[in-house]
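Going in written order, the chains are labelled A, B, C and D, and every chain counts its residues from 1.
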Amino acid sequence: MSELAQELFSALDDIVGARAARDGHGAVATWDPELWAALNEQGYASIDPAEPEVGLAEFCAVATAVGAQALGLPLVEAGLAAWMAASAGIKLPGGLAVPAVSTGEVLTVVDRDDDGLVVDGALRRVPWGRHAEVVLAFARHGDGTTSLVALEPQRMTEGSNFAGEPRDTVHVERQRVDAGQVSTDSALGPREARARGALLRAAAAAGAMDSVVDLVVEYAGQRHQFGQPIGSFQAIQQHVVTVAQAAAATRAAVEATFMAAPEHRVMTAAAAKVTLGIQAGRHARSAHQVFGAIGATEEHRLHLLTRRLWSWQDEYGTQHEWAHYLGDRLIFPEAPGLWEVLTPPHPAVAAREVGESVPW
Amino acid sequence: MMRFAAEPLTHDELRLRDEVREFMAQERANGLSVGLGINAAADMEFSRRVAARGWVGMTIPKEHGGPGRTAVERFVVVEEMLAAGAPISAHWVGDRQTAQMFVRFGSEEHQREFLPRIVAGDVWFCLGMSEPDSGSDLASVRTRATRTEGGWLLNGQKVWTSGAQYSDYVITLCRTSPAEGRKHIGLSQLIVDLRAEGVSVSPIRLLNGFHHFNEVHFDNVFVPDSMVLGNVGDGWHQVTSELAHERSGPDRFMSVMPVLALMFEQLKTADVPADVRTSLGRTFATYMTLRSMSLSIARALDRGETPAVEAALVKDLGTQFEQEAIEQLRTLAGGELDPGAPGLEGLLADAVITAPTFTLRGGTNEVLRTVVWKSLRRTRKESA
Amino acid sequence: MSELAQELFSALDDIVGARAARDGHGAVATWDPELWAALNEQGYASIDPAEPEVGLAEFCAVATAVGAQALGLPLVEAGLAAWMAASAGIKLPGGLAVPAVSTGEVLTVVDRDDDGLVVDGALRRVPWGRHAEVVLAFARHGDGTTSLVALEPQRMTEGSNFAGEPRDTVHVERQRVDAGQVSTDSALGPREARARGALLRAAAAAGAMDSVVDLVVEYAGQRHQFGQPIGSFQAIQQHVVTVAQAAAATRAAVEATFMAAPEHRVMTAAAAKVTLGIQAGRHARSAHQVFGAIGATEEHRLHLLTRRLWSWQDEYGTQHEWAHYLGDRLIFPEAPGLWEVLTPPHPAVAAREVGESVPW
Amino acid sequence: MMRFAAEPLTHDELRLRDEVREFMAQERANGLSVGLGINAAADMEFSRRVAARGWVGMTIPKEHGGPGRTAVERFVVVEEMLAAGAPISAHWVGDRQTAQMFVRFGSEEHQREFLPRIVAGDVWFCLGMSEPDSGSDLASVRTRATRTEGGWLLNGQKVWTSGAQYSDYVITLCRTSPAEGRKHIGLSQLIVDLRAEGVSVSPIRLLNGFHHFNEVHFDNVFVPDSMVLGNVGDGWHQVTSELAHERSGPDRFMSVMPVLALMFEQLKTADVPADVRTSLGRTFATYMTLRSMSLSIARALDRGETPAVEAALVKDLGTQFEQEAIEQLRTLAGGELDPGAPGLEGLLADAVITAPTFTLRGGTNEVLRTVVWKSLRRTRKESA
């Protein structure tokens, strides 16, 4: 991690941690306008992806802190939206902008002229949609190409994920979007945006898992049964190790993307999300086994973290979807050898080769 | 060698199955919604209708006012109800455990008083076993009863007591004489009226807000001598002798069957890729195997055997099956689930987030594994 | 199990067990002509499937004994061949007949007249092919239908499975088969024959697993580490339980087929084979974990059993193949509900409904 | 929080990788066959050719006559060799462990005598650790050395000694003073010449007939004082201090990489169904993760850290990966395998039947889990 990433993580972790200490973990896990305002003021909702020192690692550091604290605020979404807009050359108005790319569904362009587009359709599972002033979505033209559009949400059906985080359906009914809010750059498509969303979910999950490791290690050392701390039983040790291992693997998968060459970033992000999918279930199940029923009770902190894991592993593409994508990218007659793909060239060299136009 | 001998259901058993199936179809037609087996909320009215058909306390012998039916017949009824997602929680403890307890250890008075009421769906029981500091180590209970004029004074606290909020009695494992060295000695079971003075019940809500579990506090609760279940000091023996009954039943692996069946209906007309077919094939195979094992244990119980190891293996395998089935369903659902959604999606979402509690009922699998190991070792030594 | 099945199992187990005690387990695990002659004399190689008291359970009992002793003789194959021939109305000559249906490949009928067929092709993985005087195989006609043929093997390439049991390739080069050695009954096809082979493999594997359970329980109770029997460690207990559970599940799956209605037998046999596929790996891995390296050494009995499990799980169709078959049988628009399939009607009733012509 | 910080390979490291890749391509062109990593038979000639390129004992400092290269450079070489299925067994123990031991604990004489010979591929070592009654409980060794004029008399037996049949020396953990209470005290490491009087080596053949392992018997073997490695009585500390080196390397998860790569080449032009694609995608993801973790440990070693917990996690995860990869390959192969078949099929068959031994090297995963637990607990206490 860069120094900046470390700073972003620590400062955010401190602010939210202090608030959780005051109001409880449950309080920071749901939308808290006051805390949102405070974090906005600190600049966490408006990190500029165009700054030269800001890269994947920095956005992931914020996501990890959000996960570690089970913070119920759309910092990750604001960051993803900012990056999408910047990559596509759209200037966002003020207020919260969120991406509507989790499910992979796109809008339909039903009309276009020099002033902009008319788009139609429904965007499901829009994170924090009810709090957003702008939604970023892709719209498909008749020729199959897509444009990124920034639009104001009009009508909405509320929904949520397992953790109670808003996942709303935005109904778009023949809505007009001005040309300034439509991208002209085709390098950023739904695949790239969703891959980055997937990576950020994996980064957030790695943070949540680290917090679960802390909880589990502490509990297994304190809780006594049959006259000893339960952590002295091999069966519990095995669960604890599974919990720690899953956290470490998820984090390692996230960090592996930082060293990938630009043309491998979608693949490595996909691999990080697949790793999350493989690890999240064993992690959460083992953690709950250590805690027994107490961890599944309303007032316990554990499930604030594990319920996020259960949802996050499926958001921005399931394990299955990304694994299939990877399979397609690995097996075709002209594919390089498996080992060549697994041991890619140096990022800087590769960046030169593919030019500067790659979106990330 | 463990045996899970296969014997098909007889014609009479199949007829019973059809009756239950019809009953449940009627219930569904009348608006009963599908739930997750013993994890669904209790429905006392439904339980009384089941009792009216003679399907509660089925194995209670005729001489005690019961229907005197077999363990296999009970198996058939329970599995059909669970397959249809019936809310059986209200009568569940009485049906599965307490009735057996009364038959085996209860006084004549208990048998006269309670057994016909269980059969009639007129009394609900819950179990006071776990305590804040005991967990899987049941023998370490601290709730204690001290001798008083004509009975006992009970003090202490139980946790994870399912259904205490609506039950009439809690069968309470407590210490009636101090633990001197061996902690399994000196435990007894008391039948405690939940409306008695000094008893208080407070809810333990699950992460999805559901209320199955409770804390039960006893503050100088007077329990008359007549309400000691079995012998004073025999509590440990009584509790552990019931485990084969508790662990091997279809309730151990059928929570998600209604969700599976619903998903299956949707897939029948869908364009189903090869890997989904393979995965459903595996589920079918595992389920067939589990059911065959569970049924064979019911047959063994009817022969008077107590297949405790087999029962523990079924419980362990059954909970694995449930976890895998949920994982598979989640994959089949193919994306994000909304816990507030109606129908299949909401039911599946509930299963996903409450699944961690499934493995905890009836003893954690870790503890069961030690039980199995010891028994295998003993059997081996005996045959050598 | 019926009394006859129990008797068949015990007598065979005793004979082979006595021989193993004399010559060692390794000796009975490979082709032993003397033992083969003895078992032949006892009638184990020529159980008549037409006898009214002989059914699935009896053939499975023999297979279970073969597995329990890791017996390297083609009793299971002789039984399967006898049943196939009887079902198809072919009268076999004397000598060892073995089925060539494990891989699902069939011969091609290149010519036919009133006197019989001319068939061509290669039959891979024929069990004990080099010892057989007759090979039973299916041959496909131009119209897609198949006939069962009994032929004398001419040319062979030797091969083996993990356990060193012969799995030979029989090369059939425009070979003539007399009409008497060709079936006319179409109810017995490759699917039915392979399903029965799959079930017998599962039954044999259940026997091998039972023996592994014995070995594992004994070793875990005797072997000491850190001052106690290793069986007192939770991690080892977990392995032991996995071993026992896999054995019990496989056996239960096999026995479940005995109570299936005739029209469900292929499905339940498929399910038994899938169960073997699910359980064999965890069983063998856990057993080897308990034993550590010693179980993988040449002179140890364990691998005589586990190497069979690794091969048997793939013979007569892999887990994947049969699971896919089950999926196809479960999902189609007119399929009955899942629960109806899982809880089938009474075998006797169902047998009346489907008539007597079903092959098993 | 455990850290597996990612840093890409530098240009120099990538250049080294290309050199090794070229070297292995040349070796293959010259007829070297593909084997299962450290499970393949030793090939001394190959090991000498590797040494001639400067790739054995790479991290031995220059002042000891070594190339003085980094742990990451060694990682790069090892991973390339394993990916190509190179037979590295002969130099493996000296390269991975013994060289480090001499650098850290060896006398000047040892360093002068042995280190340049390791680098030159001129001496092979093996490890005498396990005993018939010790297994994972290393501290319970019974092989003992008693004081004699100018040295020690060694008696006892070692088992599972890889490569003793061709090695020059066996680094032997033995008891040099009686275990009084704490059994970790009083152990030492001796460098024993396998050609010395009283040493006998007999093979332990694996189920597929392979000969990696041996029993080594010591019958009054004289070991001069100069051949004590490190300090008398420090054996336990010396052995356990090396575990991070031993456990985290790519040899822990790369045995099956050559088989995977071969299978992959076949699939590229095949009609590959969706579930196979998904399954390969998962393998890619897991491998990327493991490699990233292993590489980050090499970086940490270069920074002078000893990431023991991280290393244990990699070992545990790596062996899981190997088992799953074999299972997946077996499924992809789609049917019966013949252990005598040439090429991919035979290699895969070998992997299937020898896989159980993969998890046993470097300490069983059960023991490692206790190590991880204790360390996590300690870290937590320190930070609290």
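Details
Just so it is clear, a residue touches a chain if its C-beta (ideal position, glycine included) is under 8 Å from a C-beta of that chain, and two chains touch if they have at least 3 such contacts.
Remember, it's a predicted structure, so these values are computed and weren't measured experimentally.
A count of contacting C-beta pairs for A-B and for A-D identifies A-D as the more extensively joined pair. The centroid of the Cα atoms in chain B and the matching centroid in chain D are 50 Å apart. Taking each chain's centre as the average of its CA atoms, chain A and chain D sit 38 Å apart. For chain D, the set of residues touching two or more other chains reads 274, 278, 366, 369.
Multi-chain contact residues of chain C, defined as those touching 2 or more other chains: 233-235, 238, 319-320.
Chain contacts in this assembly form a complete graph, since each chain touches every other chain.
Looking at the complex, you find that chain A touches chain C at residues 233-235, 238. Taken together, the chain C residues at the contact with chain D in this complex read 102-103, 125, 159-162, 167, 223-226, 233, 235-236, 281, 284-285, 288-289, 292-293, 295-300, 303, 306-307, 310-311, 314-315, 318-320. Every residue of chain C that touches chain B in the complex is listed here, in rising order: 1, 210, 213-214, 217-218, 220-221, 231, 234, 237-238, 240-241, 244-245, 247-249, 251-253, 255-256, 258-259, 268, 270-272, 274-275, 278, 319-320, 322-328, 330-333, 335, 337-339, 341-343, 345-347, 349. Interface of chain D with chain A (complex): residues 1-11, 14, 17, 79, 83, 257, 260-261, 264-265, 267-269, 272, 274, 276-282, 284-293, 296, 310, 313, 316-317, 366, 369-370, 372-373, 376-377, 380-381.
Listing the residues of chain D that touch chain B in their complex gives 273-275, 278.
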